[in-house]
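Sharing a structure, written as structure tokens. Questions coming.
Chain nomenclature is as follows: A, B and C, assigned in order of appearance, with residue numbering initiated at 1 for each chain independently.
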Amino acid sequence: MKATIAQYYPGSSALHRLDPRAKFVAVTALAVTLFVRDSFIGLAVFAGAGALAYGLSRVPVRWFWRAFRPLLWLVGLTFLAQLIFAPGKPFFSIGFIHLSWRGMELAAFLSLRLVVLVLIGSVLTLTTPPIALTDGLAWLGRPLRRLRVPTDELALMVTIALRFIPTLLVEMDTIMRAQRARGADFRSGGLVARARALVPVLVPLFVLSFRRADDLALAMEARCYRPGVVRTRLHPLRAGWRDAVLLVATAGVIVLALLV
Amino acid sequence: MTTSPTIVPLIDISGLQYRYPGARADALADLDLQIGKGEFVAVVGANGSGKSTLARLAGGLDKPGAAQRALACGHDLLTEAGRLAARRDVGVLFQNPENQLVAQCVEDDVAFGLENLGWAAPEIRRRVDEMLARFLLEDLRLREPHLLSGGQKQRTALAGVLAIPRRALVLDEPTAMLDPAGRREVQVAVADLHAEGLAIVYVTQEMDEVVAADRVIALERGTEVYSGSPSGLFADTALVRRLRLGLPAAGELALALGERGRGPARLPLTMDELLAHLEGSA
Amino acid sequence: MRPAGDGEPRPASAPGGAGMGLSCLGVSFCYEEGGTQLPALRDVNFELPAGGSLALLGASGAGKTTLLQVLRGLDRPDSGAVLLDGVEPDGAAYAGLQREVGLVFQAAEMQLFAATAREDVAFGPRRLGWPEADVATAVDAALDLAGLPAGDFGERHPYSLSGGEQRRLALAGVLAMRPRLLLLDEPFVSLDPGTRRDLVAVLEHLKASEITLLLATHDVDLAWSLCDQRLLLTDGCVEAAGDWDFAGAGGSLLAANRLREPFLVELWRRLGRDPGSAPRTSDEAAKALA
């Protein structure tokens, strides 16, 4: 069972080779301004930039669809909510449902904005390996160390957690099967019954995880890990001229979107 | 038994005592252990005899309760600084391959130890490539851990442990959770390391792995009850029974023959030795 | 407690019920991974008569675990059928028969979850809907059978037990359901020699009480000494089935699957004797050689 949570698509495009810190800053800046600007034309600018970035990444379109599909319901819900409850002179009414042109416009805008947001965000996650992303975030969060937040240790924890997610999913499936072989039933009954049925799965999973944490800590110490000591990297973060270009281009897109 | 007086032991422990917090008895009591450079020493014993505890202490991973002398590669295990230094020189490989891999791909995991030691990136790259080649992991370089077989995971873990240049290697039942193919992969790797002169402490319950060792130490309730050759250990059937150890298959058959008065003088540990006896007496 | 399955509380079967016959007819099974269908079992055919014993051999990834889970009914085959006591999967009695098939998973101790050994072992019988008195009897009997006398171990917390004891406790949990066909997935992995011997004794006892046994293992010596028949799986296909010996073609099959010959078979071969008639245990071998 293969489960990729962070949806990384390996490649060597221009976008893959950019520094994760620059990508993260660019994506955050674009996302913030996306919500500041309230016009279709501005949205078009962002959409164009997102599509261009996506094209440059050379990631197949179906991967974007895979990242987007879980959020389809959110987009649909937003669309319907705006359609039904937005202010404006209705041209068509049934009961409490009032459809107005203004409402349709708003619905379209808000849903499209969500799509563009996912597009921009997924360019980041599809072209950046999770470990690079956490490293980048740890670096960006470095000032927090002054407030005694252990950013590097947190970044390592996140990396390790991500590494074990597929393993845990397989283990959970195996435990469920073992209990099913003893007659457990996870499908029938109401919410309470089903929650109770999960106890024979969750308890072993917890125990497994605690034991794993112990073993892992020991193995890490055996390889000279010490929290608080600065670690080097096999793949150090190295910003270059391409990242400067990205930031300048991002600034350009933002200015353009705000002006049009 | 001690090693030859001219050889300075790499691991030199005397009078070692350790008790787990809240435990009613010592896990290790007055234990002596000397491992010379290049020696391959197997450690056997029933569950709870202290084998794993010994492995951890020898690697500087736990603080001994007390000891007359506790030196690993010259570092004093009784001091914090000594233990930290021992972790550098003594590698430890554990039983569960899954619970030793921290990174999201093989090469990142092999690099982990060197990253902890602050090596520069090009040096890490060079050493990682060396380890991947040595343990036949080059094709798996970017593979995620959950897609590896048991043997592949354990080889990755071993590569990661040995990426840090070591003077001694402790293995705590490294093949217990592996299938025969994986077991052979690890055994071959360890044999190669021994041939290259690395001191090896090999904790195991697999009796055919004991046969390959220069010397075997048997533990019972935290103390050493035997130290000598593997054949000497297996010849002592009362001890083997008391410690609930098995025998290599050849030895078991020889014992059964012995019960019928056809047993050999020396206990054979391998099929070749057994055949020699059978054909000799035919 | 609400009974599981067909709504009828099932009476506890009489102790020592005869073993179940198993027929695997053209079973094929694929599982999905990353959008593609990967074949795990291809046209698997074999017969295991009631009271018989079969060792399932094969390299890692050959499909042993998948086959066991299909036989237990956790997965339905894409094609072909698993017949229990000659009954077809759509037969009315089939669901009841499936509940008499026990499956002990690899590293079975991972299924332990209750506060006491008795509670954990009682899980299966309770899910079968047995009255509490029958559950208690079955639990204590199963604990004793697995080598964990109920008096000493019944109230112990599962996690306070050693690894070997936990493995036996998990086995007890399956035995308490009084299976007539017992499937075991690599039950000897990471056990110390003493526990391994104890477990072998339990399986021999079960064999003697005529339960049908199917054991997936990579320990060829145990496969040779415990089981009458052998089945070799390679990439989901049956390469050899039945009473085949390890000599000649059998030997090269093993090598191709990275398994070695059983010790006694190799010994017989090197002694110039017929490897097909090699003894199953050291005692038998000693008798033959003396």
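Basically, a contact is a pair of C-beta atoms (placed from the backbone, for glycine too) under 8 Å apart; a residue touches a chain by one contact, two chains touch by 3 or more.
What you see is a predicted model; the values in this text were computed from it and never measured.
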Among line, ring, star, complete and other, the chain touch graph is complete
Going by the touch criterion at the top, tell me which pair is linked by more C-beta contacts: B-C or A-B. A-B
Distance from chain B to chain A - Cα centre to Cα centre, in angstrom: 43
What is the distance in Å between the mean C-alpha positions of chain B and chain C? 32
Which positions in chain A are in touch with at least two other chains? 2
Touching residues on chain C, where the partner in the complex is chain B: 59-61, 162-164, 189-190, 192-194, 196-197, 218, 221, 258-260, 263-264, 266-267, 270-271, 282-283, 285-287, 289-290
Help me check something: in the complex, which residues belonging to chain C touch chain A? 4-5, 33-34, 69, 72, 74, 99, 102-103, 105, 108, 110-113, 123-124, 127-128, 159, 173-174, 177
Along chain B, where are the residues that touch chain C in the complex? 46-48, 95, 149-150, 173, 176-177, 179-182, 184, 205, 207, 244-246, 249-250, 252-253, 255-257, 259-262, 271, 274-275, 278-279
Where on chain A does chain B make contact in their complex? 2, 10, 129-131, 156, 159-160, 162-163, 166-167, 170, 211-212, 215-216, 218-226, 229-236
Chain A touches which residues of chain B in the complex? 56, 59, 61, 84, 87-88, 91-92, 94, 96, 98-104, 107-108, 111-121, 124-125, 128, 142, 144-147, 157, 160-161, 164
